[in-house]
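We call the chains A, B, C, D and E, going by the order they appear; numbering starts again at 1 in every chain.
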């Protein structure tokens, strides 16, 4: 089965196409989607262990020889990300059964999610820079559908902004690929890496590196380019927001990590320094936002930006502990952000508002929800032994090893801000004077709460079992530290 | 030839930025269309403009153009076609819903709406 | 022979300039539509000439394509001017 | 005011078939020469748009009762199924096969599995384009 | 000999076509109102492009040696659509109320429209 690594892309795509045929049959839509995601998850597990056993899987589409055709490459980093994004999508779909209203369900909501998963998995798997652009567009097109679905006024307004920003960044992506092609003359990522090393990274390549940082930074929301994210993400309903928050920015972050560890490794004094400074500024900006708002959605959304900064800081250090920590933190963030958004969604559904000042006293009526939220919040802030701890520890250790004392201190300080911001939600929403709330019917509440608990449980397991995960993570970071492994897997024994 | 193309691309980008900074939503969409045209043209130019014949291998033709940029452009055109069409539908719907296509009147934050 | 074809290309370009003058100036909207239509026609001639000059018949497909697009554009413009909408829901009612 | 569109409508009846034939030609020419599913699909869609321009939505939907969403889905399925056929032969995805056939009148012609993929693209393009045009155009 | 004859045929048709295209250009610039300009655009431009395409067709037939049916189809297409395009533009111009040149001598549509307006 040399095509195994394509299955996480193909299965959602195939079933999404089938689902387009009967949009009105809601029950079939639900269960086919759920079954598809389970199947994808299973295939991804098989792929994970195959990658662990046999090393990087690579295939070139259409039986072309390697640098000419489109390569698909599944190394440990990408397969881990594919696994976690499929998992998150599965749980969000489960959550959507009780959350999403009838109109959206019968207007291509589930095909949209499956197409988005296709794009996300494809962007993680591809080994061709232009093909990455294509998969980005696939996921963006379906995210346009998801963000505007329902057609409320605020959604229409914010989606215009969102689409405009993404169209501009796509055009910039094409421009960047054009420059890269004119200098290097190839599009295969492994081949680009070889050729850049041959020409010894002249100035123009550094320009391209900064352009890539801009392009992926717009999608991944780094410091000066995050402006569109908070208001746009606040518009769609919670399950869509959870998917966006957990996955879309991470695709941009993954692309930055991939390009900066595979292509632009020779002029680290400039490019990685720039990346580090931007990462720290991102953390600062996110922290300010997370403390400034009284809107629960906004607080968690600004926490996305903080996490992006933390991951990129780790990626910019280019030593083993920091990169390993980045991978740890990336997957942790996908899981915990999904869980937090789902829990926030329950709180909003109960209180009917997203304004913290209008909430209070939920701990009396929904105690389990409160304690689950507290665990998730501690996990986000990185309290040992929960999941954020290992990643952050390794990133900070890498920062110290690379003599970036101040950056590491910022990371540590940001943990406090994160903790403060999420605990604020806990204090305002769960403690204090009880506010009159509408009781959810218990079946709906269970439908919302169980997926969220499952996700929190997975993230706790991820934190507790991190010792067991170290071999996987070190495989992932080894590929990033040493591009020759990747190149050898794609281009053959050369 | 590359010089002329550079000027054309620069002009397209200039016009696109001007249009995207205006208030009317329709102008913004036209601006994004121009922007992607400029990007496609840049991709074509950056692939090198040597070769007189079209990028099709046929008997007796040796000086054909590099086919890869053209394939990339076709893909990019398809994508930008889809995005622009979607954007137009969205603009139309939001014009119906919000009854304006002026971006200034569409502005608003969560505090006042 | 080549010089002749280049001369033809230059003459067509000059007429295209005249069409563009009418397109920019053209006091009413139908004037501009006429100019656009003629621009399409001149482009078709240009592609014929260029495919002779390049010595390849691959460009000839574009001739019919451009003709189709120019015609549809003209019809759509004039229908919009005349009726205020491009695609009618039902011709008998309005 | 009801207007008389006889000239336009009569021409359209003729022109539509020219456009449609040409789009089929472009579609089949697409393997070795310029053309293919995307251009062919766009041309067919423009032919249908011409019909919509000359007649009205009601007439065209009675003449061509096609659900364009289903058309898009079928096209996507056809494209992915063709490409996925290579999985069963354990060769890389998208690997295509071809053979030569003797057809009456046309002589020796080659037929590729890539053409099936292109048929899918054709259907998707026509479906998406017409969905968009209908959703913008057919609104009061 | 045949080569020279072929070249003469090609050159004469293309020259004929270019003359018509230039006539169109002059007409579009010089003629006074949109109705007379549609004459230039629809009639002489169509004729011009038909002749040029015929020349291209002859070129590919006689010099390169293959008959390209797409050009013939294109000629037929332009022959049908060119006048129809002119007609459609002219009608829309009249119905949107573009003024005629003051030197016009005949307006047959005005009394018809007047009569129809009375009927309603």
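To be clear about the criterion, a residue touches a chain if its C-beta (ideal position, glycine included) is under 8 Å from a C-beta of that chain, and two chains touch if they have at least 3 such contacts.
What you see is a predicted model, and the numbers here were worked out from it, not measured in a lab.
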item: Any chain in contact with chain D as well as chain E; value: C
item: Residual chain clusters - chain E taken out, nothing else repositioned; value: one piece
item: Pair sharing more residue contacts (C-beta pairs) when B-D is set against C-E; value: C-E
item: Central chain (distance from its CA mean to the mean of all protein CA atoms); value: B
item: Intercentroid distance (Cα basis), chain B paired with chain A, Å; value: 28
item: Euclidean distance of C-alpha centroids - chain B vs chain E, Å; value: 33
item: Geometric centre distance via CA averages, chain D-chain A, whole Å; value: 37
item: Distance from chain D to chain C - Cα centre to Cα centre, in angstrom; value: 24
item: Residues of chain D touching at least two other chains; value: 3, 8, 15, 22, 33-34
item: Residue numbers of chain B (touch at least two other chains); value: 54, 56, 82, 86
item: Residue ranges of chain E in contact with chain D within the complex; value: 70, 73, 76-77, 80-81, 84, 87-88, 95, 116, 120
item: Chain B-facing residues of chain A, complex; value: 130, 133-134, 137, 140-141, 144-145, 148, 151, 153-154, 156-157, 159-160, 163-164, 167-168, 170-172, 174-175, 177-179, 181-182, 187, 231, 234, 295, 298
item: Residue ranges of chain A touching chain D (in the complex, touch as defined); value: 1-3, 6, 10, 13-14, 17-18, 20-21, 23, 59-63, 72
item: List of chain D residues in touch with chain A within their complex; value: 69-70, 72-74, 76-77, 80-81, 84, 86-87, 90-96
item: Sites on chain B touched by chain D in the complex; value: 54, 56, 74, 78, 82, 85-86, 88-89, 92, 96
